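Same chain, two partners: subunit A is paired with subunit B first, then with subunit C.
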Partner chain A sequence: MKRKAAVSAAVLSAGALLLSACGQGGPGSDGGAISDDKLVLAVLNDQSGVYKDLSGPNSVKAVEMAIADFEEKHGDDAVTSEIEVVSADHQNEPDVANTKAQELYDRELADVILDVPTSSAALAVANQAKTKQKLFINVGAATTELTGEQCNKYTFHWAYDTYMLANGTGAAVTKEGGKNWQIIYPDYAFGQDMENSFTAAVEAAGGTVGGTIPTPFPNDNFATFLTKAAAKNPDVIGTMQAGGDLVNLVKQFNEAGLADKGIELAVGLMFITDIHSLGVEQFAGTSFTDAWYWNMDEESRAWADRFLEETGTRPSFAHAANYSAATQYLEAVQRAGTDDADAVVGELEGLEVDDVFLRNGEIRAEDHRVIHDAYLARVKSPEDVTEDWDYEEIVTTIPAEEAFRPVEESGCSM
Partner chain B sequence: MSNDVTSGATAHLDLPTDDVHVSATTPRRSGLRWLLLAAGLVVALALPWFIYPPIAMDIACWALFAISLDILLGYCGLLSFGHAAFWGGSAYCTGLVAVHYGVPFPVAVLAGMLFAMLIAVPIGYLSVRATGIYFAMVTLAFAQMIYFIANQWRDVTGGENGLQAVPKSFFGIELVETESFYFYYAALPMILLGMWAAWRIVHSPFGRVLVAIRDNAPRARALGYDVETYKVVAFVLSAGLAGLAGGLFAISHGFVSLQEVNWTTSGKVVLMAVLGGIGTLWGGVVGAGFIVVLEDYMASSGFEGIGIVTGSVFVVVVLLFRRGIWGTLAHHLGRRRQAGTRD
Partner chain C sequence: MAMNELLQYTIQGLAAGSFYALAALGLAVIFGVLGVVNFAHGACYMLGAVVAAVLQDTLGLGFWPALLVVPVLLFLFGVVIERLLVRWLVGLDPLYNFLLTFGLTLLLVDLVKRQYGVSGLPYERPEVLTGQIEVGGVGLPIYQLFVFGFSLLICALVWLLMTRTRVGMIVRAATERSDLARALGINVGRWVTPVFGFGIALAGIAGVLAAPFRAITADMGSNFIIILFAVVVIGGLGSIVGAVVAGFLVGLVEAFGQAYAPTYAQIMIFVLMAVVVLVRPAGLFGREEAAR
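Take a look at the complex of A and B:
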């Protein structure tokens, strides 16, 4: 008897719940120009792991700076006075990024998600943006897929990508006389992409790639790979390692005294925070492509000074790019007079813009790649460093239209 | 607790898994069990009203995954440290079937589940010969092989970029396909079916034999049971349930990442099962709910040391409540009741 009663109770309550569930409608919408009467900018990035320093919590600060500047500039004419920043930690895990992105759009009412380093996480968020029809401006990830085959109407790629890095360093170093290359790369998607792009860039610039050496990833001991590369007497050894692997490789490059043998080291991807953590003496003389450098001109320096006041540290290019992306998003909302995603996308597409981060910038309508001037940088010698974080010397400026992958090669169809 | 009637009132040994023995039950106890089941069902149905629906779905998937592991760990005494191979293997298979054939998601999940069972046959056959730490290491090794295949076979799996844009096709019912709230209710029956299957497995004569093998394998062999075959079958069934959970997880997220086949996923599910209490089935549900909610909360709170917290909780539970959260609860309730009926 008891058993029967319990079962029927369970079935009844289950039925009741299901019935009431059907009554619940979809997400609410209202007719106002600004949805939910406020603008919400969400920063989704690594707040606790390996990418914390190069972007992380300080990118949230950069977005807050952008909002403060926007409010100051437009005052009472601003499209709304209710602008918020929310942030979440994706721990560099695509699963977490995927869930958090949904949550930010649905529960936190985010109108745009910014940053998202780690390619797999970025691609997951791009898919959510497409499904939810809300904006996603990627800053921190490197994959060209975002503006390639997996591009979509609501996703923009702001700061850099693998093509830009390879093309910048590969072509520029070759033109400067480093004709004969050996490339060492970590054997996974990022490394393979970089290796392909570098080889193409070096050969297009008239150089030759004598050999490419895959290494395990992650890896600590690069001595054998470096010896193998150096045995061919190249002008340049290009490394596509990043983060901790890069630090190890550079240490071992120095210990082997390869620089004294006239071999130059070119790095695929490096952030100023990498130089800061290992020390400028380890990297001295290394060439790499930078999307922006805080001390490259007066305008950048002025902004970097404000950033220093806010955070106690100098900005990486990712911080500046987040500021730039937030600013241009807010300006687009202001011009459109609404935060409706399609209207804002319309305002952003094809926009030619200059700001503290974007020089000769253009938001390409065809693939949503944001192109801008890039820079070939060289790490200073310790004796040339005059102040904290004064690590880079800009060797050449790579014009925006040469720095990024041409539209016709992107394979993007929206 | 100290003045409780404990000594001698029960013949149970101080095993974390003593719940297994109490199948021949009094009517009173069976009533309580049904009540518990009803309460569990109500919680399962009410979950997306209180918790963000995608998170609720994560809890359901991880709960079934932890239960599948518990079949091996709690009832066979085999610690599989490679269950991510079946969860992730099924996730990829489900994702590929859904992407390329656009079939309704239950069909894709079923395909993923079958795939998980298929790869479990050779893996199980080769690993059940080992026990203890060796079994854990062999399963880990196989899982790493699956991981490397998934990583290297980029054309199919997308490498570490993952398999993107997995659709939630469901007979053209748009609410289910786009709203995670309704998707939860569409997917829940499969999860519950999987849990019911797990319950049937461990409470069948087959399950009794597994427990006998766990407690004393030579004796079970002497009684004429083919120990290895029993273990392989349990392994494959467990992999199937893990695959069911992994497939639904992939559909729910709309993509499959390399994380699903990574060893950290194997570790996480062991953590959940042990935290909740092994050999109880319910423990997996409790452990999964606890960990998923905790991680979600901490990712939003801006607190950095997620690993520190889950690690500390784990240490505390293992040191103070060796039976896990649910196991400890059930143990004390069981003793009370038993003491009551005997008096």
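Take a look at the complex of A and C:
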């Protein structure tokens, strides 16, 4: 530990020296303050498993787009012209994520790790970031722990979390008249966390949760759980299932004709790729909270058109958030004139920023939660769909300061 | 109210059991004739659903023709696999059987992932099968009733084929007592390839039936195969009647387990399996010799 501290102190002072040298030398000596003479952005996520489509390889593409835009914007004034992207597959396993993060920081000389879906994997990487004193900007994971008890100086949480999902969907649907809830959730850490958050949000909004039903995970047969929930005549059935399990549940919800009995389906966490895979008619009318939607305004749409050209598909909010995180990281390095982690953190903390993903965005200095406007979305009916991937209607915009957990509740001390 | 729910759970259990029964039937026939435990059966179930979805997407092939076309395609696939790979397993240590068929699963799952991604494929059901029938004030999904009825029909047809035709007699003889059948001059070898294909086709039918009802993903067979082996062990490895009865039984245990003790629903299936193995090591309908 001592040695590490000594080394980082040396790096710091060397960085400071170079920085002053840079100031004297003017534009001619750019790149001098960049460690190893290059900036390396690492995307660590699921490249082959269940979260591949919603983030995966296309998030690497999104980061490449961010770099291209950065280089175009700053041209010769850019802090460095050597910017690389590397990627790795963490298979959603915390131990794999842990090893890969070490490799990325040490061997691939990554200056920042981006994305990392799966909460347990994200927490492992956050721990590495803390130890190595390198940046980690999480996009893909949902746990509020990243900006709660387990927060640290080098970790930022960019797109969404369980609090934001529950608060958005739970509170908004309740206020719209869905007072009486039944909640079905997968019986593991994420599901339990979501169930707690939803119950709290629904009750705070004046609703009641009549019952909660834990289910095995993974599971392909939800018919019985749905019958049981429907027998209590709720206004809303909230499901915390994700991915393939969610698709199973929705198909069986429709099979049982529960919508015709006046029961609304609210989904805890859903990505546009889920709607695309199951088909819009199955999800029609379902409410959920979205962090961003590609067709929500002109700016988003323009970016989504470019993304479509690059990848052949429309972006999920995770793709846009990775683009945003990479862009803001590069801009912070540009302003700091160095890739030194502490200097970049200093640039990011407290920053109020708007970009294609962040609306009314602010990087909270206290817990590193990035707050921004969130959206209560409803899946369109098939007859309202006018083009491919045109699946969502934004019902309400939830203002940034209401969308996320208040900083005093976070329990974070850096 | 409670009666209504009991009726709903029963139908749900029988519908879930239909998938197990059909697939386990295929597994039993294959094991009976070839002595091969096909660990790739879950992947074949997945292929059934994926092929149905792909044919609907590309050729506009509907659900009804798919119920015929997909099993035929999977039969051919089974024939190729048997000729190329499975036939080399005869006489080898059972470990090779596991390695080959499990390896095949990994290969098939990854190929499907590579080609069609991981989020799954959409599938449209026929209009006739949507909605519900009111029975005594309870809405029963038509599709669940259809799945149960259709799989019962297939099981009955297979049973007739096995008991009333010459081919069936030969296959049954080979299943029950392969050595004795050979000794009586029956050319068991001739039936090996088509029987393997037939078993795969049954998994394929289960897959097509699952397509409108479940998530069509490369991984849909992974959990399925685990339950399927519990079914086969409960029914008795190689027993045709046992596979069907145990399939529906496990479906019912699953549904009622989920209704009354959700956390233990899956464990209950394996508890049932453990009890059966303790009391009747050969399974409910297996013969003692088969267990050895």
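Here is the rule we go by: the second predicted complex is superposed on the first by the 382 of 414 C-alpha atoms of A that agree within 3 Å, B and C clash if a C-alpha of one lies under 4 Å from a C-alpha of the other, contacts with A are read in each partner's own complex, and residues count from 1 in each chain.
In this text, contacts are C-beta pairs under 8 Å (C-beta built on N, C-alpha and C of every residue); 3 or more make two chains touch, one makes a residue touch a chain.
All values derive from a computational prediction rather than experimental measurement.
By the touch criterion defined above, A:Gly210 reaches neither subunit B nor subunit C.
Once chain A of one complex is fitted onto chain A of the other, the partner contacts of A:Gly411 are absent, as it touches neither subunit B nor subunit C. With both structures placed on the common chain, the touch criterion links A:Thr227 to subunit C but leaves subunit B unconnected.
In the superposition on chain A, A:Asn219 makes contact with subunit C only, while subunit B stays out of contact range. Judged by the touch definition given at the top, the superposed model places A:Ser48 against both subunit B and subunit C. When both complexes are overlaid on chain A, the residue A:Gly244 reaches subunit C alone and has no touch with subunit B. In the superposition on chain A, A:Leu278 makes contact with subunit C only, not with subunit B. Subunit A residues 48 lie at the interface with subunit B in one structure and with subunit C in the other. Taken together, the subunit A residues at the contact with subunit C in this complex read 48-54, 187, 213-216, 218-221, 223-225, 227-228, 231, 243-248, 251-252, 255-257, 273-274, 276-279, 281-282.
Per the touch definition, subunit C reaches subunit A in the complex via residues 1, 5, 8-9, 12-13, 15-16, 113, 117-124, 130-132, 139, 141, 143-144, 212-215, 217, 219-220, 223-224, 254-256, 258-259, 262-263, 265-266.
Those residues of subunit A that touch subunit B in the shared complex are 2-3, 6-7, 9-10, 13-14, 17-18, 21, 24, 26, 47-48, 57, 87-91, 93-96, 98-100, 102-103, 106-107, 119-120, 123-124, 127-128, 131, 143, 145, 150, 188-190.
Listed in rising order, the residues of subunit B touching subunit A in the complex are 27, 30-31, 34-35, 37-38, 41-42, 45-46, 49, 52, 54-55, 58, 151, 154, 159-162, 164-165, 175, 178-182, 185, 253-255, 257-260, 295-296, 299-300, 302, 304-306.
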